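The two complexes that follow have subunit A in common; it is paired with subunit B in the first and with subunit C in the second.
And now, the complex of A and B:
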């Protein structure tokens, strides 16, 4: 019975909720027959679609190798339909996602903001069955000019080439596979109006670097990714601003914008989806961050462990991430006394549970709760008595809310967030998001 | 290092074998190129970060000046270019004092007989290579410019004024200056550089005189030597003493000295060594200096920025003066635009006790009230900065720095003197 529920989730079929309650063998085999016929129906629809698109003889449906998170995001549905080894015509696909958010401080209502947080347009162009280019352009905060708060940035720009059936290579500006959110950061992919703090303050989503990456997808459900990229620039640390306290790596990321590349970084990530509905994984990123600009050297390392489990209507997720910066005493000494010194370590974790309480063909409602704790300045290297700053207090945020999905690409969200340390940040949020 | 290529190639072979995929010649070559490239890149990661710094400010000093700078140096040190025959640029901009005056006078004496007092203290003119012409930044902050009120756009423009200022070098007009240069021992050098007929036209000769002085001020490493103990500390070749480090911490701390807010002490993001000024302006309400002859007239006020012809409408800027660089501040003899204070100890004590103990700094009127900000007319006293630390406190509150802490900060400021030799 439990296995039947899990299978149903994997095949994305709308299995009726009562499946979970049946216990007899005849009931089980009846359900299995039902699932088999539904699968056959889906296969037939797929074949028809492919026939319409390519005017080619219908092909045997590609095995349902679940599109892994390692493949690129939004338009994955289109590219997966072609499957590897299919002689497809080159395709240019437009992708987009957007978030419009409303945040209302519960303690201080004059701090109420509404914002087009992100508007992203991208395209994927497939040159041939093995090669494609993926790009994404983002506008933050609606209006970007020297006197407006917005920013325009190239978020992704890479080519991907399938080398073998298991291995592909990417080169260019791509997302680092860390945590659950960084590679799947569309508003429809996470619970809550705002992205969680562990994966924004500790893992600086949306975190992208330039370089090369190899991606391996194996039949046992393992995905391996590793590569060589640009990294962070510690020389950018501004001890007079609070940016470094909000997110140490967010304050010194380079986003491949005239990035200093004297020091390169290496990363690796392993994700295992061997059991349907379960994802276990971790990543490691490390590299020099001084680029020969000072006589001292420093290395920045960030690693994470994450898990996601979606049995039936439940969706459990958890991430732990920790970052360290080496030799910070040497870099902090000239900055001694300033407001924001470079921390030696920073970390955070969260646990999240969501339950799809109601759904029909078009809509679904998933309330969720998330408990996260993070510290952006866990410890500082010793600078001497009276000069060494104390570690920051660990912030704890509890988020309670719901995602309301409309169709397969639109989400309405609402949540309440409560901060233990900074009560003035308590807020009520509403959000609208889409992704295709 | 030899281990890496072997391991990598081994990985690739086994990976491909596991895939069971046939390899064609092209894929094979691509793999090998990729492996070699990856090896090279990995090697660079392993041996990451070259030694030594590459910032332009750390480059070795240029030993020789260009022709224009060489002539400019001679002009700079030539007292015959003044009406009295006794005053050159170097008289008020003395190299031994960070190119600021060699005495503690509130304003230097000049004029045809060397007895007229100037309007303001002669500023130090080092570390101004990055200074821009005056402008208003995006957020409205006045920035840049030469002189205490930023009215000159460049070094050259600044150099044109003292020659003909009746209280300074007091030449009758530009023609007089040009004639003196034409009679100087380096006139031939000047002509060789700018053409034999250069002295024929007064305006263009005068312009070239100022340009030569500008070249000297830009090229001579004495003006930008970055040779202080603090520079060595930032480069990693020296360590600060305990008191100096304490002083730096107090200097940087927003709740203590907060000096770094206007006099930044940190390297720039591009690695540039700090200039200890943000080239902006501030209104500190410095007490009136009776030493200045002009202040004998109670209606005479030095209003700084708003006294400029182009800024008379900006009454909010009345009383604002340039934030100077603190490099070599410890060898300066008088401080602020009106030379009111003569020691760093007094300056820092004023900063932290201006508002907690105003009676120490300002005169007390007949009715017993302290005449705070007495060097500004009453209608402009609201312009004085009272919101930024350390001068944002009230009478009765403890000053931001104690006496001992002030000594620590002074110890740190002494590390900013050029010419450090371990």
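And now, the complex of A and C:
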């Protein structure tokens, strides 16, 4: 009886663990089945995904022999999922360029100057995949105050929206597509310490207007740009200043600073790059320039043709630009006797050749020569005998120098400039520039 | 160095640009098919360079940037036709996605631009510019201003994509010579 009781008790005690273990195994078995089912499901999903990604031709299934290796690298490959260089896209990018120049007159050393010509900070911020804002804030001549020569300028501030694969739109303050330099004006992008005269005296770089612009890029190499903007203000012409003689349009540009906007201007530019190394293009800008501020009306038109060819180590460039101001007789008549009357036409051209004589991974040296002819007052409207000023003499400038690039973001420059008309302007220039 | 076939979703996604772009012109797969139209399938490869190989790259004047690369191997039957590598470089301000195709003999296919979002310089997408790479190899200079013509107004984009291609060609040349490409 006792033994029977003990056995019964033992069985009673033994039964629960046995039953519990059985339950656990069942549970484990159930979970294994569930996992196997889920794994099969994941495999099926993966196969579907891969088929979708490589629909034709399909991605081969990894051979069994490689599976082990794959599993050993899986964790690492997950961390490398961005791939080499496939960095996350920053939404905001800080940009900058600047140039510090030294100009030594070869005939009159008292005119020698050193200057932080430009210091520019900008940012681009992307609001979404298709929309961004682009800005540049520039300080010229280092210090801007009532007793200093500097200026602070908003050089660009526009929104760009990608409309289709080919077309985008810009609105705000943007650079006008004219010549070779205006839209690519960073010191690393041009030869010589100073910007060329044609694209400063005739095309008033850095030339920007406020308005709307459409940009189209096409597979045949054509880039088309056109839009409606603010324009020049002829009412600003100061006949007592020589500024208009240095750059007629530079003297009356508005830069969207409380710009008179009664008259709008239209512009268009076509550039073709269908052959590697070759750029052929032209631009036209035209618009009213009086804005209802005077009884007379005037239209200002500026156009250019430009070409650049960069075969191998050579870099050839040329620009011709011509501007006209209509109805200047009416504006000049009351100004007769003043230092600077409004020209009827102004123009200029240059040809430039550069050759990269030496380069390695970090440095490159490119000597260049540039010949320029420009006339900021080619002709004046007829004011009557004895009153009509004669056109200015055409200045001719030869520039001989070299750019020494450190990487793609820093440039050291040196050049000599000889002026055929105004020999007192002859100078030796040194420059340091950067851009990123 | 080791090469492994990686069949993970993570690896598959690595061959697409990291972010959606303002203008995506091609996917990695479309680019691969353009470069190797005879391929029956593409297999994902991961290539990991060891320290000695990175040093060898440096000795060639190529900054390796990464020890880990991935490619799509174009296969036809048992034969490998070549590899396609997707990469990104900074243009002037923003990233450019591009694909480089290298045939098994080491010659390049025309570069394909997958995505471009700069305000200026999108002309590097032009076929005439991209075709300049076709037929070149690790023995080519592969430098803008030498054997690759520049595009006026897109100098930085041209230079940086060309530099990227030169790096990829050097990496694959190194791996091939070590017997690592299949």
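Everything below uses one rule, namely that the second predicted complex is superposed on the first by the 346 of 436 C-alpha atoms of A that agree within 3 Å, B and C clash if a C-alpha of one lies under 4 Å from a C-alpha of the other, contacts with A are read in each partner's own complex, and residues count from 1 in each chain.
Assume a contact is a pair of C-beta atoms (placed from the backbone, for glycine too) under 8 Å apart; a residue touches a chain by one contact, two chains touch by 3 or more.
Only a predicted model underlies this, so the values are computations on that prediction, with no experimental measurement involved.
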**Request:** Answer with first, second, both or neither: which of subunit B and subunit C does A:145 touch in the superposed model?
**Result:** neither
**Prompt:** Is A:184 touching the first partner subunit B, the second partner subunit C, both, or neither of them?
**Reply:** second
**Prompt:** Just subunit B (first), just subunit C (second), both, or neither: which does A:266 touch?
**Reply:** first
**Prompt:** According to the contact criterion defined above, which of subunit B and subunit C contacts more residues of subunit A?
**Reply:** C
**Prompt:** Does subunit B (first) or subunit C (second) touch A:95, or do both, or does neither?
**Reply:** second
**Prompt:** Once the shared chain is lined up, is A:165 touching subunit B (first), subunit C (second), both, or neither of them?
**Reply:** both
**Fill in**
Dual-contact residues of subunit A, meaning touching subunit B and subunit C, are 165
**Message:** List the residues on subunit A that touch subunit C in their complex, please.
**Reply:** 46, 49-50, 53-54, 56-63, 66-67, 69-70, 72-74, 76-78, 80-89, 93, 95, 124, 126, 129-130, 132, 134, 160, 162, 165, 168, 170, 180, 183-184, 189, 215, 217, 219, 221, 223, 271, 273-277, 279, 308, 310-313, 315, 317, 356, 359, 361, 364, 408
**Interfacial residue positions of subunit A with respect to subunit B in the complex** = 146-147, 163-167, 169, 212, 216, 228, 233, 235-236, 238-240, 262-266, 287-288, 290-297, 330, 333-339, 384, 386-387
**Item:** Residues on subunit B engaged by subunit A in the complex (per definition of touch)
**Value:** 15-16, 18-19, 21, 27, 34, 38, 41-42, 44-45, 48-55, 138, 233-237, 240, 242, 245-246, 248-254, 256, 260-261, 264-267, 269-271
**Parts of subunit C lying in touch with subunit A, wherever the complex brings them together** = 2, 4-15, 17-23, 25, 29, 33, 39-44, 46, 48, 61, 65-66, 68-70, 75, 86-89, 93-95, 117, 119-120, 122-123, 125-129, 132, 143, 145-153, 155-156, 159-160, 164
